[in-house]
Amino acid sequence: MMERVRLRDLGITIGALPTGEHNAITDVPGVLVGHATVIADEPRVARTGVTVIVPREGIWSDNVFGGYCSFNGNGEMTGVHWLEESGMIDSAIGISNTHAIGVVRDTIVAHAVAHGQIGGFLLPIAAETYDGWLSDIDAFHITPAHVFAALAAARGGPVAEGNIGGGTGMICYGFKGGIGTSSRVVSTKSGVFTVGALVQANYGARADLRVDGVPVGLEIGLDKVPAREEVPAPPPPGDAGSIIVVLATDAPLLPVPCKRLARRAIVGLARAGGVGYNGSGDIFLAFATGNHLPPGAGAPLDVKMLPHGQIDDLFVAAADAVEEAIINALCAAETMTGFRGRTVHALPLDELRRVMARYRPDTERF
Amino acid sequence: MMERVRLRDLGITIGALPTGEHNAITDVPGVLVGHATVIADEPRVARTGVTVIVPREGIWSDNVFGGYCSFNGNGEMTGVHWLEESGMIDSAIGISNTHAIGVVRDTIVAHAVAHGQIGGFLLPIAAETYDGWLSDIDAFHITPAHVFAALAAARGGPVAEGNIGGGTGMICYGFKGGIGTSSRVVSTKSGVFTVGALVQANYGARADLRVDGVPVGLEIGLDKVPAREEVPAPPPPGDAGSIIVVLATDAPLLPVPCKRLARRAIVGLARAGGVGYNGSGDIFLAFATGNHLPPGAGAPLDVKMLPHGQIDDLFVAAADAVEEAIINALCAAETMTGFRGRTVHALPLDELRRVMARYRPDTERF
Amino acid sequence: MMERVRLRDLGITIGALPTGEHNAITDVPGVLVGHATVIADEPRVARTGVTVIVPREGIWSDNVFGGYCSFNGNGEMTGVHWLEESGMIDSAIGISNTHAIGVVRDTIVAHAVAHGQIGGFLLPIAAETYDGWLSDIDAFHITPAHVFAALAAARGGPVAEGNIGGGTGMICYGFKGGIGTSSRVVSTKSGVFTVGALVQANYGARADLRVDGVPVGLEIGLDKVPAREEVPAPPPPGDAGSIIVVLATDAPLLPVPCKRLARRAIVGLARAGGVGYNGSGDIFLAFATGNHLPPGAGAPLDVKMLPHGQIDDLFVAAADAVEEAIINALCAAETMTGFRGRTVHALPLDELRRVMARYRPDTERF
Amino acid sequence: MMERVRLRDLGITIGALPTGEHNAITDVPGVLVGHATVIADEPRVARTGVTVIVPREGIWSDNVFGGYCSFNGNGEMTGVHWLEESGMIDSAIGISNTHAIGVVRDTIVAHAVAHGQIGGFLLPIAAETYDGWLSDIDAFHITPAHVFAALAAARGGPVAEGNIGGGTGMICYGFKGGIGTSSRVVSTKSGVFTVGALVQANYGARADLRVDGVPVGLEIGLDKVPAREEVPAPPPPGDAGSIIVVLATDAPLLPVPCKRLARRAIVGLARAGGVGYNGSGDIFLAFATGNHLPPGAGAPLDVKMLPHGQIDDLFVAAADAVEEAIINALCAAETMTGFRGRTVHALPLDELRRVMARYRPDTERF
């Protein structure tokens, strides 16, 4: 099998907009990403972790606008009541496994307390997808130390993808899933802005997978690469799975436009084959760093607002970046064996390239 | 029976904040109110009308931020999808009877077309309460001419209350209801702002009415003043009825804070005895003129944002102004006889004063 | 150019589920559709109309559960407050042009009044898309007579598509758009159910159009078929446009699952290339006839509830039916010349077939 | 000072409906409440705890319908995405301090795991108010053991109020607050139902407090009983504080009516003087045990639905029970000294009785 590369390394692009430097959420200036990965076989099998996104350094004293969208709420994202009410985010965002969302959330508070930054109150955003197939999730592996480690590791630049951080044990379209990222650069009358996406992809039935419209999941069906292998018995079929999306932009979006941007994650998800099955927690967050919002201001804040009429390219960018981030997660993730000897296979990239070539005529588009 | 006066003329105040000059929504600079009243006995009985609120002169080219809240949605307010999506209001707001909401809405568009102001698209806000007890609502009395008349009549200064405009045929707590208004002035670190409320009050059971906490509805019960009289048979008891609230402020509120302000109308409603019965359409709108928003801007708009930490007094002002506006509607509305010979009695102000005196000890508060 | 046929007549299918008998929303037993088309050149140019969907005969006395979703709210759908609050629909649903939504809404009330069916109160659902390019929309062409005519024409069986009813003057992806419909049949543990979709499609940029994942809009670009022709000047580019979707099913869905079903229209829209541009009113309605809900019941109603775990295939069906209904609208609509001599071209079906063949390898899938 | 009693023991009633046997949320058959209280001075000061509400025994295998309302979202309630999507609750509900919401949430999962009840996935509801004035909240006192203890203690019958469980360190209107409860019994055409409320009350400025409409907070002002005492310095003024409300009923409410019921908590809150200040997390939950909902059903579930037209008395019951539960919390809570030597005084019940007598004339109402 060929080595893991990103989707664009295979000559496949999503949409017409250019990417940022790293084709990552960190292309939005100031955004930091950190991972802590927990892999162990003893005493109980762990294939899990934590990923954090810091909207910008100094987030405690320089908040950002944000908004969210729940496409199918069979999942958890904490902190949304205040996000909806205030339109602001004032701390790091954490993503982990389902049973760890509480410890991740509380530890983001503890981290702020430890840094003397908290004035009594913080309502962090923590989200999850379920990794109980490959990881013994009922062992409650994640501890505050892992969350502190992910926060300490947060930085800009290239972002590791696949089996890392919160994405470690995830499964997507019956292939190994995990963390993926992508970005787009858009030019508007109000300036040039970047939109970045980071996903923790853990959803979908094999037959649904599409890459740039091509029915890859039908072509690399379960007869070619089984969705999940275990010893001795096959898993019951199920619609379980989820996807968390975090979108970032440096455009001056007010809170409601952030929510609108988050909603466009549905477009990227749908184009990649997602339907939002009943068992899926498809919850999407967007934040915008284009304004500076010190808490406790005594006078009206001066904020910039991108006119609504200029937002379309950001919508396209969000949809494209989410679609590519999902496929990047599949491209980066490697075959993993975990809990109870179960194996989940990586998306075979040579097969992917072969299928794409069959479905794309020889034009300048491909 | 004593002549109709406003609540404060009876020596009764709601809350501690001062009112604006006219104790009316028009105390918010630039806000205009216009009424068209339709009263006729032939060929079919009409006790209805239209009230319009113009957020500011030139609203087509200088939009305002806004938001809404549906406390109990057994009613109609058009235009809310775009309000929710854009956070903006770009035209006059109309209030009328239930069957007329379409013609009011379409005519606000036609009025803009007639003034050459429309660039192809307008999604106006029109709201309603049901006046079918006193007016033959199935006659569809309201025509475009009435809406044009109300728009032409829109002006600042004192606002007529009671049996006027959209409030003409309304019933509230089994007394004659209608249009009411009130305002408050608040001082914040960011400056002095006005909050104004206008209500079309048409809801509630007699026993529920409270004035500044005093159970006036129990004291002036149905044995003293019947809720509704008709010849020959009494009406079936029912929970039908609704209240539309429009809140205005000149504070620089972004869209979500407008929605928060609108939600505080529930507080004023609840203190006046409202419960939000199943049959009630209790839908509340708020807009803020503190920013100037020309449509079609080519560059980022500079907007001011009141810090969240300074909004509490505006919340108090909204609750107090709504509570007083409701009672003002009751104080202004006069006994009316209409459809099928039915009569609805005015709130007897001498009784109101007597009850308040019994329940309020002799302190500086009263 | 070849004659207009439906997408399946070209050998192109969307998804794997079978369709109902007519591949139309009327495959859901009891659902009726009626059109009134208004085409005139004098005194002012009309290319408009009204389409009504009746959830079932006798809807006034046997309500259905329903829910809605606003993906991008630059449009209007009345009646949603009570829909959200009650989860029920008790009258016909109307779709027309933007300026006519009021008259459509009021006339649905008047129609009920004329049939003696109304107990004082009705809050109908009326929705719109903008046809001002081909029709002189500011002439306010639609009258109550048109709405009565559409209601009188409502029936089951095959549904006319394209330039008809509310879809008469619509434009989609720079081709002639309009009304389209499709259906799917799904088998669940709880029985076999039908999901039907009807769309009024009036949105999208040419380059975005995809058919079953194939970038048809790029291949049949504006160089081949101009989006819009007028004499003498070309139109300004714009993102205006909208899509209304109505989904119906006979599955026993409670109100919230109806809302979930409506949300899956986004998936179908996205797969067809929709992004939900700022100027688009993308508002989606779903209703379920699987329960019988007489108004004014005195005892608890017995209702059936499809277990959440069985809803996935209905989600797939909704997404597939919406995607196909959109393309059916394009396939059915014919080239039209209207207001100011403007022409909008039909999707060339021979080109469509040619492009699909290029992009689809010779497998059993196609 | 007189001993602590419940509001009704003072001869003060709220509304006209009768209470259930214990005037508590546990009057709804099957509802269980458990507290774990954490009070310590060493090594760090703890005045905190956990309260759990179990919708019914065997909740894992017999779910209930539910819904929620965020009146002012400066707080946290987990589990709401799935609650909104499914309309169901399938586990215990926890309430604690702000920093403990994660551990409470995760431990409700761990408790289910420990009992072998979980099929891989649980998204519990945990909510909070902030007790950092009387408790050293940054010490993160709450551990899984406390949550297990509260769950083990859950039972029906009388419910302890005031300084107990999650309410231990709470402050309300500048008096000592905490846990309060109340219930109402309503008769409908569909049968007799109970509505119960439990609050964790931790909000409000002294001047705002009203009891049955009487301005108690103005009469027992800060000059009479200081809101908060500390050595040596007074606290900064602030609007911090929150209230969590849990409503239960045995009426057969579907999910959306549960949400409507939750919304009526605003009415009770407003009548007691609440405004929903910016710093307040006012999030309200309601569930209905009137249907039995086994997870994983293979056939359509038979459910009962209370007709909308019969819900009004439940709305009144919810408002009244919430209002009384708040005052019950104040009546039960005792003066407490905690973190940094700060003291918060109990509501003086003799003063309360004195004020009520002054404001209520000698009628049969009082």
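For the reader, a short list of remarks on this structure follows.
By written order: A, B, C and D. Residues from 1 in each chain.
Operating definition for what follows: a residue touches a chain if its C-beta (ideal position, glycine included) is under 8 Å from a C-beta of that chain, and two chains touch if they have at least 3 such contacts.
Values in this document were obtained by computation on a predicted structure and should not be read as measured data.
The rotation that brings the Cα trace of chain A onto that of chain D spans 180°, given to the nearest 5.
Summarising the inter-chain layout, the chain whose CA centre lies farthest from the centre of chain A is B.
As a whole-number value, the distance joining the C-alpha centres of chain A and chain D reads 36 Å.
Between chain B and chain D, the centres computed from C-alpha atoms are 33 Å apart.
Note on chain placement: the centre of chain C and the centre of chain D lie 45 Å apart, centres being C-alpha means.
Residue numbers of chain B whose C-beta contacts span two or more other chains: 72, 84-86, 260, 279, 308-309.
On chain A, the positions that touch chain C within their shared complex are 16, 71-72, 207, 210, 212-215, 218, 239, 260, 263-264, 266-267, 269-271, 274-279, 308-309, 311-312, 315-316, 319, 358-361, 365. Residue ranges of chain D in contact with chain A, taken from their complex: 70, 72-86, 98-107, 109-110, 113, 118, 120-121, 123, 126, 130, 132, 137-138, 140, 240, 279, 281, 283.
Those residues of chain A lying in contact with chain B across their complex are 84-88, 189-191, 252, 254-256, 260, 296-309.
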